[in-house]
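What follows is a group of structures, each given as structure tokens.
In what follows, chain A forms one complex with chain B and a second complex with chain C.
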Partner chain A sequence: MRYLKLLTLFWQTSLAARMEYRTAFALAFLEAGLEAAGKLFGVYLFYANGFDLGGWRWQEALVVLGLASLLDAFFIGVFNPNLRRISEMVQDGTLDFVLLKPASSQFWVSVQQFAAEGVPFVLMSLGLLGYAGAVAGLDAAGWLRLGLGAAAALLLAYAVAFLFATTSIWFVKIFNVVYFLNTIVWTGQYPVQAYSRPFRLFMTFVLPVYFMTTAPAEVALARLPASWLLVVFAVAGGVLVLSRAFWRFALRFYASASS
Partner chain B sequence: MRWLVRKAWTLVAVYFAYMLEYRGEIFFWMLSGITPFFFMSAWTAAANQGLTGYDANDYARYFFAVFVARQLGIVWAHWNMSEDVRSGRFSFRLLQPLDPVWHYLADHVGERGVRLPMLAVVGLVFAWLYPEALVWPGAERAALGLVAVGLAFGVNFFASYVVGLLALWLEDATSIYNLWYVAMLFFSGMLAPLALYPDPVRQVLAWTPFPHLVYLPAAIWSGLEADATRGLLTLLAWNLFFFTLGRLLWHLGRRHYSAMGA
Partner chain C sequence: MAEALGPAVRAHNLRKVYRVAEKEPGFADTLRHFVRRRYREVEAVRGVSFVIEPGEIVGFLGANGAGKTTTLKMLTGLIYPSGGELEVLGHVPYRREAAFLRQITLVMGNKQQLIWDLPVLDSLRINAAVYEIDPAEARRRTRAFAELLEIEDILTQPVRKLSLGQRMKAELMASLFHLPRLLFLDEPTLGLDVNAQAAVRRFLRDYRERYGATILLTSHYMADIEALAERVLVIHRGALLYDGGLGGLVERFAPFKEVRLELAAPAEPAELAGFGEVAEASGRRVRLLVTKEGLTRTVAELLSRFEVRDLSVTEPPLEDVIARVFSEGRV
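Right, the complex of A and B next:
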């Protein structure tokens, strides 16, 4: 409950601060629209040339695209601004103040910022996901599986991103790592079956993009049994626990910039 | 003339040293440019099913060239300028007897010095993984591709400069550049060789700078069909356009600058 209150406070102040830059917010709508159009165009290119992305109907492939867009939107709105902030705080030593607060430091550094520019992207991706689910003919249970799968995917994406961001305790200037992750999620726009085997293995076992977009879509579309949701949640939970342990471990090496 | 060369050299050397400090970041930045290889993988799978007119080697060659072309064309002047204006650092730039644009340009040139060796490493790894895909295009094509990349960098840089100057009015102009960046992602030929784009789309795109920024050099290097003369002329025209617009905004914007934080 206390954390919910904190979250509201954080996001209210972020929103107020960002409202200084109203043009940026207005432009974000344009950008979100352009990006959605571009992403659809990307899928269209494959199908127009007769490639079915490794055995997917285009309606189904759009569900994967929608999930990837949703993750993208969360990166823009929440993950990127916060995780970049971590390396800034390590650089100028203000991480000290966070560590002194009587609240989980991981929670604090993960949600403190909220970029309003993410909102149009979230809306656009929800629209895309809704459209994809409708044309793919999801039933009520399918929508439920899609919702749960999306939640697991978001958790997993956050956990992986946080793992990478934590390394800034040692490397300090490393915020481009977050862009690297954006790229990785970008590759999840298409089902992993579209890629050749080494890429597929990489996307499943090294950077678990498979579990972020393809797997939840497969569960929602009943290409995989619903029990696979448990696998997706298990992977997300596992990485989450790992990220937490790694953060605590890393903090032991944090030497504070001022001392 | 000699002091000019010395001045330019000093500026570039300073920014090279500065960027060397950020090598880790540049490395990850470069890694985040590996998307073309994923498209290579997908289109190769399509080629193996007998679709499209290219074979696996064509795709490997093309997308590697796309990767290189994109890496050499990366700019961030809009970002630095927005930061400088917002933090008030721009005031110090104005005090120097040197047009600030040289700072931003030297920053980019110096950074290429750090990025190129890393690019070479990626090239070696690629050559090791796909030995039969790499074919020397011949000195003439290699040079022509470099000219295209140079012109493409010019367009990118001046567009970024124009957006950066808008920060004098808007304080944070980086979001405007995002529009340019998104268009680049989808319409520059990174998704697929242009021949696979639908005809009407291709005809419209030919007038915009986007396909010439990436597809043109990549196609020249990898031996795909490209109208080099038309492409280079289009790039030249866009260079002129953004350069003129930039200088105009610079003269107007200087008077508008309110020196935040001063």
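Right, the complex of A and C next:
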């Protein structure tokens, strides 16, 4: 309850702080809107003629793409700004103030910022998912599985990104890794079956991109049994627990920039 | 506020060693630094022990780099000690339990928690939510603190548009909003003008009286220490040199008085040297440091030897005493 209130406050203040600079805010928002539209057009060109991608019909592959663009939207709106902020806070020592607060420091540094530029992308990806689900012929249970799968995917993407961002306690300027991760997640825009075997293994076991897009889509489309949702959630939960433990471990090495 | 049993702070043989990468200037070394780093260990705090009882105000003195900030960071749980035992309000600080964090605060003169682009009130709202202060109570505190600090009229301005002094006052307000009973203040008056310094001191004294808080404060301005602290800890190169009253510090490190003379005619420093340490001799105005035992005899001799227009005997300025402690590094 307290955390929900905090989240609202964080996003309100973050938005307000950005809106202090009106022109920059308006431009960023406009640019994001155009870029989202551009991406959508690219998708239209690619999928409009229909094709078969590693055994997926294009309607099904579109669900995978929708999930990937939803993750991308969250990177833009939430993960990137927050995780970049972590390394800034390590650099100038203001992480001190977060650590002094009687609230989860991981929660604080993960959701403190909110970039409104993410909103057009979220809308676009929801639209894409809606269209894809409709043309792929999802039933009510399918939509539910898709929703749950998407939630698990977001959790997993967050946990992996946070795991990387945590290393800024040691390396300080590390946020490029988070952008790199963002790019990697984009490889999940196509079903893993479209990739060669070594890369497929990498995407499943090293960077679990498979569980972020292909697997939830497979569950939603009933290409996999619904019980696979549990697997997806288990992977997400596992990495989440790992990221918490790693954050606590890393804080032992926090030296707090000198003053 | 419940009274905790036992001391507010108990530190025993507290140590902190930092590992820092070394780098020489120049491009060749930059490359070397990039490929293979050389590390050096910096012993910032080496075996410090002290106890602070509830309700005390303790000044923490030391030259730049002595280890004051490092000690405060360990006491507040920001960094892990490399050794020793530490208990603050009955908690182990680095575990950072919520029950512990709710009772303490750390104010740093050179870092700020206020959101740069937004008014002070927005930052206070977040703090109210974190510490679960209900809105009516938050409003009451805002009013009371703002009045004490005389910053009622700036609370709705973006922080980036405040002066340094206004910002520091607002920072204090945000840091004390949850009414902590143990305050760690690291140079809270850094860079402030004399009036603002005095205002901050007044506020801290007031706060302490009202809430019975315990305070540990560092400052390079002796006026802060003299006005607030009853007891001082002096740290030198990571080791504790002195722990006791301010008067005792002067007694121990400066067992002399300052004699100020105004002479009728200029005197040579050589003529004065026999009477004590010459702190200043510019023409007719003279400042001498004279040991306490020899004071009356010396003054009598000075009066018979020179034609003295004016003479006064005072305690030496605390700054001088401290400078002496650090330059000699005596234990």
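Simple rule for what comes next: the second predicted complex is superposed on the first by the 226 of 259 C-alpha atoms of A that agree within 3 Å, B and C clash if a C-alpha of one lies under 4 Å from a C-alpha of the other, contacts with A are read in each partner's own complex, and residues count from 1 in each chain.
Keep in mind that, in the parts below, contacts are C-beta pairs under 8 Å (C-beta built on N, C-alpha and C of every residue); 3 or more make two chains touch, one makes a residue touch a chain.
Since this is a predicted model, take the numbers as computed values, not measurements.
Undergrad: Which of the two partners, first being chain B and second being chain C, lies in contact with A:211: first, second, both, or neither?
TA: After superposition on chain A, A:211 lies in contact with neither partner.
Undergrad: Between chain B (first) and chain C (second), which, if any, makes contact with A:176: first, second, both or neither?
TA: Only chain B; A:176 stays clear of chain C.
Undergrad: Looking at A:158, would you say it contacts chain B, chain C, both, or neither? Reply first, second, both or neither.
TA: neither
Undergrad: Which holds for A:247: it touches chain B only (first), chain C only (second), both, or neither?
TA: neither
Undergrad: Tell me the contact category for A:16 with respect to chain B and chain C: first, second, both or neither.
TA: second
Undergrad: Look at A:99 in the shared chain and tell me whether it touches chain B only, chain C only, both, or neither; answer first, second, both or neither.
TA: second
Undergrad: Should A:45 be classified as contacting the first partner (chain B), the second (chain C), both, or neither?
TA: first
Undergrad: If you count the residues of chain A that each partner touches, which comes out higher, chain B or chain C?
TA: On the superposition, B touches more of the residues of chain A.
Undergrad: Once the structures are superposed on A, label A:255 by its partner contacts, choosing first (chain B), second (chain C), both or neither.
TA: second
Undergrad: Looking at the overlay, does A:6 come into contact with chain B only (first), chain C only (second), both, or neither?
TA: second
Undergrad: Using the superposition on chain A as set up above, list the residues of chain A that contact both chain B and chain C.
TA: Residues common to the chain A contacts of chain C and of chain B are 20-21, listed in rising order.
Undergrad: Help me check something: in the complex, which residues belonging to chain B touch chain A?
TA: 22, 24-26, 28-29, 31-35, 38, 41-46, 49, 51-52, 170-172, 174-176, 178-179, 182-183, 185-187, 191-192, 196-198
Undergrad: In the complex of these two chains, what residues of chain C are touching chain A?
TA: Result: residues 18, 69, 73, 76-80, 94, 96, 98-99, 101-102, 104-106, 108, 110-113, 115-118, 122, 125-126, 129-132, 158, 186 of chain C touch chain A.
Undergrad: Quick check: in the complex, which residue numbers of chain A touch chain B?
TA: Per the stated touch rule, the residues are 20-21, 23-24, 27-28, 30-31, 34-35, 37-39, 41-42, 45-46, 48-51, 53-54, 117, 171, 173-177, 179-180, 182-183, 186-187, 190, 194-196, 199.
Undergrad: Spell out the residues on chain A that touch chain C in their complex, using ranges where they run on.
TA: The contact residues of chain A facing chain C are 2, 5-6, 9-10, 13, 16-17, 20-21, 92-94, 96-97, 99-103, 252, 254-256, 258-259.
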